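If you scroll down you'll find the structure; I have some questions about it.
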Amino acid sequence: MSLFGLGARQPTSAEKISAVENELKVIAEMHTRMIKICSTKCLDKTYREGELSKGEAVCLDRCSAKFFEAHQKISDQLQQQQQQQQGGGGRF
Amino acid sequence: MSLFGLGARQPTSAEKISAVENELKVIAEMHTRMIKICSTKCLDKTYREGELSKGEAVCLDRCSAKFFEAHQKISDQLQQQQQQQQGGGGRF
Amino acid sequence: MSLFGLGARQPTSAEKISAVENELKVIAEMHTRMIKICSTKCLDKTYREGELSKGEAVCLDRCSAKFFEAHQKISDQLQQQQQQQQGGGGRF
Amino acid sequence: MDAGLTNAEQRELENRLQKRQVKEFMNLFSGLVDNCFVSCVDDFTSKALSGRENGCLSRCVLKSMTTQTRLGERFAELNQAMTAEQQGKQ
Amino acid sequence: MDAGLTNAEQRELENRLQKRQVKEFMNLFSGLVDNCFVSCVDDFTSKALSGRENGCLSRCVLKSMTTQTRLGERFAELNQAMTAEQQGKQ
Amino acid sequence: MDAGLTNAEQRELENRLQKRQVKEFMNLFSGLVDNCFVSCVDDFTSKALSGRENGCLSRCVLKSMTTQTRLGERFAELNQAMTAEQQGKQ
């Protein structure tokens, strides 16, 4: 998920740290959003049980795989659209 | 939308930059919120079509105009209430 | 709500400021979340009246007390779980 | 809350807290606008707010302000009670 | 918007605004992914996206992009009109 | 992830990552409290949590923790697989 490509110029120390930090921030935020969305999709909200049921656990596994796939797919689609509009050179 | 009035004292360099930055931040966040709210109000969520219908497009235009008007109106109302409470001098 | 315990080493100036700042940030965010959640639970969303009804006001008072209690209870529960897993020394 | 700060640290802290207050204030304002707009505006046959929508927004702002003030008072009481209890335990 | 900045201040400001743009862009991207995923994906009998889900996601992205562009234009117009009006009052 | 950092840069980065971890942790905690409160507490005829509400909160916290752990493992696997795939393409 290399979203922040550094240019040709030698990056400064602060820029290098920022680039790694940003990349990890993007990943951490994606993780948090996945927990929120897949919990809403998969968990029984009455909380009559404190344990995950088998069905809930399987649903969470599939939901996370689909979320990753959708993320990647949408990122690719936007990149493609941008390249078409700009005649190449777009980045995501 | 001048939310961050600077006082009588000569502002420092950092303060001037912060003031402009804050104003643009407020505008950018308002933009993001408008996209979220008006999309919810206007778009057909089944996504059977990838194009905006005429009805959706018109709805988005009107929703954005109403959102701006409401924003302005509420800001004025709060300012007025604050001035009544403080006997003048309130700012937003 | 002492979430950010400082270690045995003498803390630096920046660390001390950060610790107090973080504590206040946690409290402020909790306040904002409480307003959002208890408004949703208690207010009549048609806004036919501009005044809080007696019922709404009492509901807000009880909701805020329950929110605080739940916050404390959940914080204790997580701390206990962490201590069981780590064999003591967990912090929240 | 007293972390044994020097005067200079205290000033720096107050500076940051003021920025935080502005941020909190803006967050509350945005939340209020969004909530009242979502609750009150649902007619997109014209691009200007109707009389009904204007009235609803105005009442929503009033009620939200009263709510924020009331919950602010409750929050301060509850926070104080909890802090006192925690210090009693130590 | 002109706050009488020096050249150095202007550069520092542009630097920060660029960071803000990246942040706004990421926020819009995350919001788009979340909204399209929530709207389009509801079948958890397999761990790969189905053809129907893929189609829905693809149309959702297209429509969301058009929406963002359209609302961006409207926003710029409305913001300009409001700024002009406020300056007329001063 | 290796961006050719010097030791000093590596330390600064670790410092920032630790702050990020604290922030992520607080975000997860707030999300958990809000979600469990919204799901479990709906009776405002008294100001203390009822036995039923307490039980519901307790089970909600347990289930949410298990969910977070499980999704954390899945996330790490998926992220690793994706990174490997991207490096294969280069």
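Letters A, B, C, D, E and F name the chains as they come in the text, with residue numbers starting at 1 for each one.
As a working rule, a residue touches a chain if its C-beta (ideal position, glycine included) is under 8 Å from a C-beta of that chain, and two chains touch if they have at least 3 such contacts.
Note that this is a predicted model, so its numbers are computed, not measured.
Student: Name, by label, each chain that touches both members of the pair chain B and chain E.
Tutor: Common neighbours, chain B/chain E: none found.
Student: For chain C and chain E, what is the smallest step count along a path of chains that touch one another?
Tutor: When the steps are counted carefully, the minimum from chain C to chain E is 3.
Student: Could you tell me which chain lies farthest from chain E when each chain's centre is the average position of its Cα atoms?
Tutor: So the farthest one, by centre of C-alpha atoms, is C.
Student: Between chain B and chain C, what distance separates the C-alpha centroids? Give it in angstrom.
Tutor: For chain B versus chain C, the centre distance works out to 28 Å.
Student: Approximately how many whole Å separate the CA-defined centres of chain B and chain D?
Tutor: 17
Student: If you average the CA atoms of chain D and of chain F, how far apart do the two points sit, in angstrom?
Tutor: That gives a centre separation of 26 Å.
Student: Multi-chain contacts in chain D: which residues touch at least two other chains?
Tutor: 36, 40, 58
Student: Would you mind listing the residues of chain B that make contact with two or more other chains?
Tutor: Counting only residues that touch two or more other chains, chain B contributes 61, 65.
Student: Just walk me round the ring: chain B, then chain E, then whatever comes after, in order.
Tutor: So, from chain B then chain E onward, the ring reads B, E, A, F, C, D.
Student: In the complex of these two chains, what residues of chain B are touching chain D?
Tutor: Touch residues, chain B against chain D: 3-4, 22, 26, 29-30, 33, 37, 40-42, 58-59, 61-63, 65-67, 69-71, 73-75, 77-78, 81, 92.
Student: Report the residues of chain E in contact with chain A in the complex, numbered from low to high.
Tutor: On the chain E side, the touching residues are 22, 26, 29-30, 32-34, 36-38, 40-42, 44-49, 53-54, 57-58, 61, 65.
Student: For chain E, which residues count as touching chain B in their complex?
Tutor: Contacts found on chain E: 1, 3-6, 8-9, 12-13, 16-17, 20, 24, 27-28, 31, 35-36, 39-40, 56, 58-60, 62-64, 66-68, 70-72, 74-75, 78-79, 82-83, 86.
Student: In the complex, go through chain B and note every residue touching chain E.
Tutor: Chain B reaches chain E through residues 1-2, 13, 16-17, 19-21, 23-25, 27-28, 31-32, 34-36, 38-39, 43, 45-52, 57, 60-61, 64-65, 68, 72.
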